[in-house]
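What follows is a set of structures for review.
Each of the next two complexes has chain A plus one other chain: chain B in the first, chain C in the second.
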Partner chain A sequence: MFSTVKLTPKARFWAGALLLTGLAGCNKDEEVVAPSVENEAVTTMTLTVTNTALATDTQTATWEQLLDRQGNPVASGPDVSKAVLNLKPNATYNVTLGLLDKTQTPTFDVAAEIKDRANIHSFFFQPLPTTQALIIPAPTGADTYPLPIPTPLPAGAPLNLTVTRTDRDTNPTPLPLGITNTFVTGAASTGYLHVVLRHQPNLKDGSYAPGSTDFDAGFRVTIQ
Partner chain B sequence: MKVNLLLLSAGLTLPLAGLAQSSPNKSYFGINAGASFATGNFRATDAGNSASGFAKTGFTVALDGAHFFHGGIVGLAGQVAFSDNGRLLANDLAKLGDAYTEAFDVDATTLRARGRYRRLTALVGPTLLFGGDKLKVEVRGLAGINQMLGTPELTVQLEDDPTNNFTQKSSRSLTFGYSAGLGLHYALGERLGLVARTDFMGSSPVTIKNDNRNNTTGRFIEKQPVTSFNTTLGLAFTLGS
Partner chain C sequence: MLLAALLLSGGMPGLGTAQVAPTGAACALSLAGRIIDQRTGEPLPGAVLRLAETGTAEAADPDGHYHFHQLCAGPYHLHISFLGYAEQVLAVEVRGPTTRDVKLKAGARQLSEVRVAGERTTVPLISQSQTTLTGQALQQTRGLSLAESLQGITGVYSIQTGPTIAKPVIHGLYGNRVLILNNGVRQEGQQWALDHAPEIDPFTATRLSVIKGAASIRYGADAIGGVVLVEPAALPDTAGVGGEVNLVGMTNGRLGAASAFVQGAIAADTARGGGRGLGLLHGLSYRVQGTLRRAGNSRSAHYYLTNTGLAERNYSLALGYHRGIVNTELFFSRFDTRLGIFAGSETGSVNDLLTAIGRERPLTRDQFTYAIGRPYQAVVHQLFKAKVAVALPSGDRVEAIFARQTDARSEYGGQLPYNPALGSVPDLFLSLTSHTLDLAYVTDAARPWSATAGLSGSTQANIREYQYLIPNFRNYGAGAYVLGKHRGERLTLEGGLRYDYRWLRAFLTDVTTGRVIQPTTVYQALTGTLGGALALGHGLTLTANLATAWRPPTVNELYAAGVHQSAASYELGNASLTKEQAYNASTSLLYSGEKLEGEVGGYVNYLRNYLYLAPAQRFIRTVRGAYPVFDYTQANALFRGLDARLSYRPVSRLTVTSALSLLWADNLTTNDYLIYAPPNRWQHTLRLRLGEASGTGHLRGSYVGLSNLLVARQNRTPASGDYAAAPAAYNLWGAEAGTILHAGHQVFDVSLTASNLFNREYRDYLNRFRYYTADVGQNIQLRLRMPF
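Let's turn to the complex of A and B:
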């Protein structure tokens, strides 16, 4: 009933070689680089602060660095004329952070996008001067603080401001984002607020170090 | 898919509906080979859907058999099958890469893939074989184990930090498997027959492990559904007198 096909040693060799070649070809590895098709810029950061005890005590501070057509900072440098906060002592403020891309028409709301990508972004706030350990490392080498913060930072009494980030991302262990915050002021003092947006793709762990800086801004703060 | 199965069932069954069993069914064993068409999310190529498997049409090879009690139409069937549903190709990686680049908001991602969807299934279950001496139809439903021999391993490198890679590991998990299908037996001789089969095969979702995945962003898969529609042609050898 059954017939068998006998292969010569040469035929077996070539059949084996063909099979191995086929299997090797089937296991081919692939590698692809997928570049970004669009990249929004960030030109403007605003802090909108509202006194929790006095709703009419609302103010907005703006730090802005416009860009030229090539995406480079304009030669005149950042506009820090409106990067000023005047806060009352021993008060609590609800603070909303805004980010804009003014290179686009109409202006693009980057903060909304950051909120969507909260799991890989984090804002850090550093009141300066401070007697506490720095949350954001001080500039070293050729780096400088963003204007209007002087580099090096002159010694002085600490700015009595405590910042608490109140929003959280959706990582398995939710981590702060920094779009909404609470500022609590102490006794009268003056100084600066350094704000940095960190981009921490697959790295965000609540600390400052991992990732890279997307935006770096400074504000002059007076508590009186 | 359900409509296709119904039409196929009807197409195979109706011509034989009038045929009575004219001789006792003999137990048989057989070997089949053919195409394995990945279906559903297993086949899907939407990078935004974490369940998309990007599986392809591949091949399947099966050893099967059945024992019929007292020569009746009811029997117990078993099947051991190897199936291959391909690998991730360059255009799949391009889609996935665009999705990761967008999700992680990075300038670029580099994706590397290796390995294929390969699985071994061992299933048993009831079968019905009816028809004439020359042509018979078999309907069976089987259940058992699905042993993944591998799934594509995908490594994603985010360009912001070349040391920041994460990996969707190849899976070798063991899951519950099942199949349902029809077979058409054509007797070539007293003990040898030709068998054409069509089976829907599936398994409970396969567990996928991920290395160095720190943030919940972008495509993140931990359970991969595996379903396919297999069509095969083979030989069956009957046993007994």
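Let's turn to the complex of A and C:
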């Protein structure tokens, strides 16, 4: 079978190999481009605020950052035109926080999922400016506050707003989550509200430090 | 009849099997076998065998095999000699095809176990620095990943992403600048990313070699820093079944690894008239190999690193068929791993990263578990290889290798998707399919003038799903090269030229229009090499080499656009980037003497259009926070270094080794140091042989040793581009002990190794997770090897 050595095995194999390589290039699966899907995308945060004393005094503030086709923030930046809260002084408000993913059709309610994962998440609220110790650390170095909060924060009278998170998770020692809250306003003042969602799969202990930030938004607050 | 013949020819290795010679074929008998070191079981290539009765002499081949053909039936005396071993004379009775393996006992002069013994045809450039791990030196790395196994070699470092992911660094170059050849096939598996470790099981190899220097001429694009060769042993060709079992246990991470292989052959029948009923099966050989590796959370000096476990299941199958002058080999391997990513490395923005850097220790659970949770990587790599080699009567050889590889990579982020309807899907999925064909014509290496000429072709397709990190693409590559070598009495010269062509087409959605665009780019390069090795006498050899190498830009460098989460950076590609071209000059002085042995080498590597990420001095804000923007850009870089290794044996039992690796890397365009250059390193080892080198003492093969690794602080860091200063210098002690136990015919090679013996806490500059956590602490490793 292998007595004529030079041509037969070589020629046979070269032909077979070239055929294989040719076939290898025939599959065109790579030409079908799958859409970019961000599995944990959150685009919109809403604060639905209702005055406990006056049911007609209700409003919704929205902070939104949409994504482009590659899953990156749109070039125009976040939409903070509706990220405004106009509150009455010396009042108490019930506040419900909402989170939406507008990259999905229909719009997906992320806050409901966060509630299911309450044990590893925590919302933090920071009224600014303030004279008290910061709950959410101020940005350092080249980092900035989320719009519309200016960086650096202008000096001024503190915002008379106190935020209390009223819901609790199901940890052995229940810790606050921050989807249902109470805002208590004092005297007339203006300022900002910094809201951060922390993902804390390790050691959620009520403080801000553990874990990483999943959402970072800001609102303009006017109490008058 | 067939069964009886199988039983007779499948005898135990080491025992002669004799069959009654068929009448009329009395002088067509053969005597073959394998020459191995009695203590280590390692083959002894180049051992000289002489049959006193016929006067013919043979040398054992690179795997220790020898053959004598056309023998008449009768008694023979086989003289076997090899430098460093006691000569043996064996009386052999040849009545049919006879197999006789011989174990040589080491003589008065012991050869060093780390150095290469014998020439290897897979490394044609002898003028470039090359180090091989084989035998006992390789055995001491069993159970570690590929990059970790190579760390002890001068000039070689590793860049890590936590304890589970490491990539080799040669002369300061890594990623797509280091080519890895897995069983002769270019490893293709998204190696452009720093957190994608080579998907290779080192247990498949009996040799791990590192070629330091530009080696594009033989292997094509990407071999700028060097080449890592992962080579399994050749398939057996003497009848019988054998194999090996390896067991490894490590205290850090409570790692357990088990690997075994079984190999066998049905001897190639050389008697005319065919074999005794086996016919076509003669010349068939096989190897079945598998590995299981499992580890839980690693531990730094003072705390566990949450979610740093790994689970790996690999297997490989090899089938060989040697018939006359044609040698065919089929190989299939599957590598399947799940790697936990340290939970404390999850950052939402640069603010999270800077806060983590400021902490003494990470805010994560300090607990051990084997469970691997999110975030983690799951990779499956499959390789199919078919090789045909034809040995021509002139002594030349023609080779063809066809390979198909698939690499499927899933990266699971820290959180399950918010939408429960999606289930547990990855954040990113990449699937790469590569086909390669290499043809080579190699002239007889025994002649003074020899040459290799070859052609190679390749094609790849990449598909992505979920997140956009890199686009879909298709590429085609072709290369042609010629290498020549002249071997003189004292001077060996070699030179070569290669031409490469690359065509790349990406498929991505245009952000503004929403339509699929297909940018196409083409790259080509001509590379060359010229080098020589001069034997200066008195045990000195001088080698020098000039070589060029290149690589095309990778898809991420061209088309990346997005947040690189673990690096807390926003990376932007640039479609107009051009190829990288390297110009390398290296020289080495080797000395091999009675008591002293060493190698000192220097190199200069100039990289024109070196591709890297440069800070763009601006930030981009996502919903999670601010990320600094980095642009892929090009600059001219210069790497200069010195690798020195000296081994001194004041008395025969004691060996003292000192190894120094120095590197200076500069970014000539920005007039600054180059980021992520390996720090200078100095390693000392002391080894004491306890028993006699040969003989029958109980302590034969036993040793103890002590080692020290000093890694300097990298002071040559650029002014910007890094989040934290380089960590302090550190000093780690290690210890080792080993012995060979015998229970009847069974050999047990046992060794105990301790790394970071005193559990020092340290951080390494080339570990990307040094921002979040310290490096691993003490690790005591027990290894058991049982050949059978």
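Heads up, the rule we're going with is that the second predicted complex is superposed on the first by the 186 of 224 C-alpha atoms of A that agree within 3 Å, B and C clash if a C-alpha of one lies under 4 Å from a C-alpha of the other, contacts with A are read in each partner's own complex, and residues count from 1 in each chain.
One rule holds in what follows: a contact is a pair of C-beta atoms (placed from the backbone, for glycine too) under 8 Å apart; a residue touches a chain by one contact, two chains touch by 3 or more.
Note that the structure is a prediction, hence the values are computed from the model and not measured.
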Touched partner set for A:144, first chain B, second chain C, both or neither: second
Partner chain in contact with A:203 - chain B first, chain C second, else both or neither: both
First (chain B), second (chain C), both or neither touched by A:119: first
Touched partner set for A:171, first chain B, second chain C, both or neither: first
First (chain B), second (chain C), both or neither touched by A:212: both
First (chain B), second (chain C), both or neither touched by A:65: second
Contacts of A:30 with chain B and chain C, given as first, second, both or neither: both
Chain A: partner with more touched residues, chain B or chain C: C
Chain B/chain C common contact set on chain A: 27, 29-37, 39, 117, 199, 201-203, 211-212
Of chain B, residues touching chain A in the complex: 84, 87-90, 93-94, 96-98, 100-116, 158, 160-161, 164, 166, 189, 191-192, 212-217
Touching residues on chain A, where the partner in the complex is chain C: 2, 5-6, 9-10, 13-14, 17-18, 20-21, 24-25, 27, 29-43, 65, 68-73, 77-78, 101, 104, 108, 110, 113-114, 117, 137, 139-144, 146, 199, 201-203, 209-217
Residues on chain A engaged by chain B in the complex (per definition of touch): 1, 26-37, 39, 117, 119-121, 170-172, 199-205, 211-212
For the chain C and chain A complex, residues of the former touching the latter: 306, 323-326, 343-344, 346-352, 354-355, 363-365, 388, 390, 392-393, 398, 400, 402, 404, 413-415, 417-420, 422, 425, 427, 433, 435, 437, 439, 457, 459, 461-468, 471-474, 476, 507-511, 514, 516, 561-563, 619-626, 628
